[in-house]
Amino acid sequence: MLNDWLYIGLFVFISMALPAIAIFAAGLLSPKKPNPIKSTSYECGIETVGPSWVQFKAQYYIYALVFLVFDVETIFLFPWAVAYNQLTLFGIIEAVLFILILLSGLLYAWKKGALEWM
Amino acid sequence: MTALQIIFLFVAAITLASAVMVVSARRMMHAALWLVLALAGVAVIFAMLDAGFFAIVQVLVYIGAISILIIFAIMLTRKAMEDVGPQLNRGWWLAALAVVGVFAGLAVVIVSWPGVMATAGVGPDADAIVNFGKDLVDPDKYVMPFEVASVMLLAALIGAIYVSVEHKGGQP
Amino acid sequence: MSFWTDPMAVIANLIGGWLAGLGMTEGWVTFVLSFLGAGVYALLVMLTVVLLIWVERKLLGRFQDRLGPNRLGPWGIFQTIADMLKIFTKEYITPNGVDKVPYNLAPILAVAGVLSVWAVIPLGATILGANLNVGVLYVVAIGAIGELGIILAGWSSRNKFATLGGFRAVALLVSYEVPLVVSLIIPVLFSGSMGMNNIVHAQKDIWYIVLAPVAALIFLITSIAENGRAPFDLTEADSEIVAGFNVEYSGLKFGMYYVADFMHTFTIAFLFSTLWLGGWQGPWAEKYPMLGLFYTAFKAWFIYFTIIWLRGSLPRFRIDQMINLNWKVLTPLALVLLMMTAIVNRLVPEGMLVVRTLALLAVNGILLVGTSWLLNKFAGRNKRVVVAPEPRPVARPEQISSES
Amino acid sequence: MIPLPWLLIFAAALFCIGLFGVLARKNSVAILMGVELMLNAVNINLIAFWRYFQATGADSSRAWTFVAVVLVAAAAEAAVGLALIISAYRKRKTVIANELNLMKG
């Protein structure tokens, strides 16, 4: 079991190392001639106005919020799905209830207009 | 020392260092990125404790969802976060003192507790996840936490949406 | 045990024996073998991208009634290599005021978030990285790293367009992850395991696409959206927001996002073949795993072709359409499908495969028909406002009226 | 195997760092991050105790249920807490915890 995790750890490490090496190698090959105009922010040739970290809509937050709730739900539903073949009908109804409760949350968000793109 | 112990010390050091950066970084966005690193370290430690399921869930829920939520919130409240001035309260040294006291107390309790020398048995059997899934819907076991969790998530969802949807016209 | 029945074990024994002969302890041998295996595997996947870019350009060319790359080598097959050489010698332009560490980390994370998935994809009965018992969740969790890469890129570039594009992209990605995760529960439910190889083993009798075609469809749609590819290529819609989160990148750092993109499509094809099309299952595949490699690749290429076909045929969605499609169609549909599949699958007695298949197909059919009926009833109401110019007075109306 | 005291001390240290963040930071988002660190420390303890005392026992899902519920609590806390902060920010244009005194009316 731990051997599998060793492999996963190494794989994640290597899959970060490979692009890093490629980018580094390309950096050695490529020319370096910076000049002040070249290294300004790219905003279609127009001078940057104001701070570049602008604020944006609260709508994004709500999508992330609904996502968070459904993501946490998977902690329970994946083990339930793994055990599914050994469950009675009652155990399945329990999970259906679980999903229905969450679905009602989605419906609330829908009715509240939180899912609209504004 | 076995290889596992060396890896543990290494990961623990990284995790604690990034946790320190979380509470001391001046820029909020940097604090959030350090938080991601700390959470990833905790996930590695879960994997080393044979709790692979929770290692993955840690990445999925904490890194994939909670930190993204935190980053969004930081971006939404940007203007107030001009990163000037001290980010700590004036009485931060009092807090530091209290925290060191708490840590010393905890360390004493841990070291003096007789059960601390317990050694781990063999790892969990492969179907620990299956048992977990079965017990979650078993009325004699943990069906209550299971359903309560979903109600809690529903409450959080409704509450958070109610608070954060802009109410048109007048007070929320 | 010969090379044809268990190639990985044969190679591992060969190298392992040699390493042990050098006086390494068992733990170190495992470490070196894992490292070599992971390294070679990851490198092969990376190099496949070179071929993929050519295939995709060639296919897109044909879909659009042109030749595609055709100058360099037979059928232009060396075009990508030339492009690669060019991009390797491009200058990195680092704009003023970027946050150096996150800025350079972002393209690396973008690639790592796709490449790491390959660790759990089984290519044959014994040709696989690790048969993790939480493999499906791992695939979803690794996707989070890619999202983090996009956030980092958008934020650290210190550019309005990059920031807006990055956060918009992530908001869409996390939205589409909800139906994706729910649709992934269904194969887990049928096979009783989260290990990818166990899921393939469980598809010996019947492919899961037959048992849950709607779930497979949802998986395909959401995966394409996660990939950010036409018709969901809104995140890099160049006509709307310069290019999205990667405007401030140049040279190979920029190229890395495209590597990740092409690799992601290929990864989706393999995931789809593993989860829904029986992976390496096929005649004699268990006896000769090398044959399984061929079966997986064949099924995956079929899906890969379909994805490119969709890219070449469909127009881009608007952002409100994309959001509505996700939250108001795919997510409720996936949740309802999960509940109904779970109940119906249990009501059918064990062992009756034909009855079970027919019952599940009926469920899927009812859901599809119901969804399209609901969509026609409610979504069709918002008729598009046709913006047309007023009819102008013309000198000889009788010539024009014949057209209308 | 990793000695149990190492794990417990590590979790205690993480908990204390999180506590320091909660007590000392001005920004309320940073305070929430501190809380997340503390909850992670709790989870490390739960998993460690499960691994050392219960992994082979008949009922190992007891510990797992605990961990899962802690995760749910962390998620709910982050969701509602951040929503409150964003909403308060809209009214008051500040996220400094000491200045957020909406309840004073």
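To keep things simple, chains are lettered A, B, C and D as they appear, and every chain counts its residues starting from 1.
Methods note: contacts are C-beta pairs under 8 Å (C-beta built on N, C-alpha and C of every residue); 3 or more make two chains touch, one makes a residue touch a chain.
Everything numeric in this text was worked out from a predicted model, so none of it was measured.
Nearest to the common centre of all protein CA atoms is the CA centroid of chain A. Of the two chain pairs shown, A-D and B-D, the one joined by more C-beta contacts is B-D.
Chain A and chain D, compared by their mean Cα positions, are separated by 21 Å. Centroids built from CA atoms put chain D at 5 Å from chain B.
Centre-to-centre, using mean CA coordinates, chain B is 30 Å away from chain C.
Computed from the mean C-alpha positions, the centre of chain A lies at a distance of 14 Å from the centre of chain C.
For chain D, residues that reach two or more other chains under the stated contact definition are 68, 71-72, 75, 78-79, 82-83, 86.
Looking at chain C, one finds that residues 31, 132, 134, 137-138, 140, 142, 155, 163, 167, 170, 174, 177, 192, 194 touch two or more other chains. Looking at chain B, residues 4, 48, 50, 52-53, 57, 60-61, 64-66, 68-69, 72-73, 75-76, 79, 123, 126, 129-132, 134, 136, 146, 149, 153, 156-157, 160-161, 164, 166 sit in touch with two or more other chains.
Because contacts link the chains in a way that matches no line, ring, star or complete pattern, their graph is best described as other. The list of touching chain pairs reads A-B, A-C, A-D, B-C, B-D. Those residues of chain A that touch chain B in the complex are listed here as 1-2, 5, 8-9, 53, 55-56, 58, 60-62, 64-69, 71-76, 78-84, 86-87, 90-92, 94-95, 97-98, 101-102, 104-105, 108-109, 112-114. Across the complex, chain C is touched by residues 3, 29, 33, 36, 52-53, 56-57, 59-60, 63-65, 67-68, 71-72, 75, 126, 129-130 of chain B. Here chain A touches chain C in the complex through residues 3-8, 10-12, 14-16, 18-20, 22-23, 25-27, 29-34, 38-44, 48, 52-54, 56, 59-60, 63-64, 66-67, 70-71, 74, 77-78, 81-87, 89, 92-93, 95-96, 99-100, 102-103, 106, 109-110, 115-117, going by the rule given at the top.
Residues 68, 71-72, 75, 78-79, 82-83, 86 of chain D are the ones touching chain A in the complex.
Interface residues of chain A, counted against chain D in their complex, comprise 58, 61, 65, 68-69, 71-72, 75-76.
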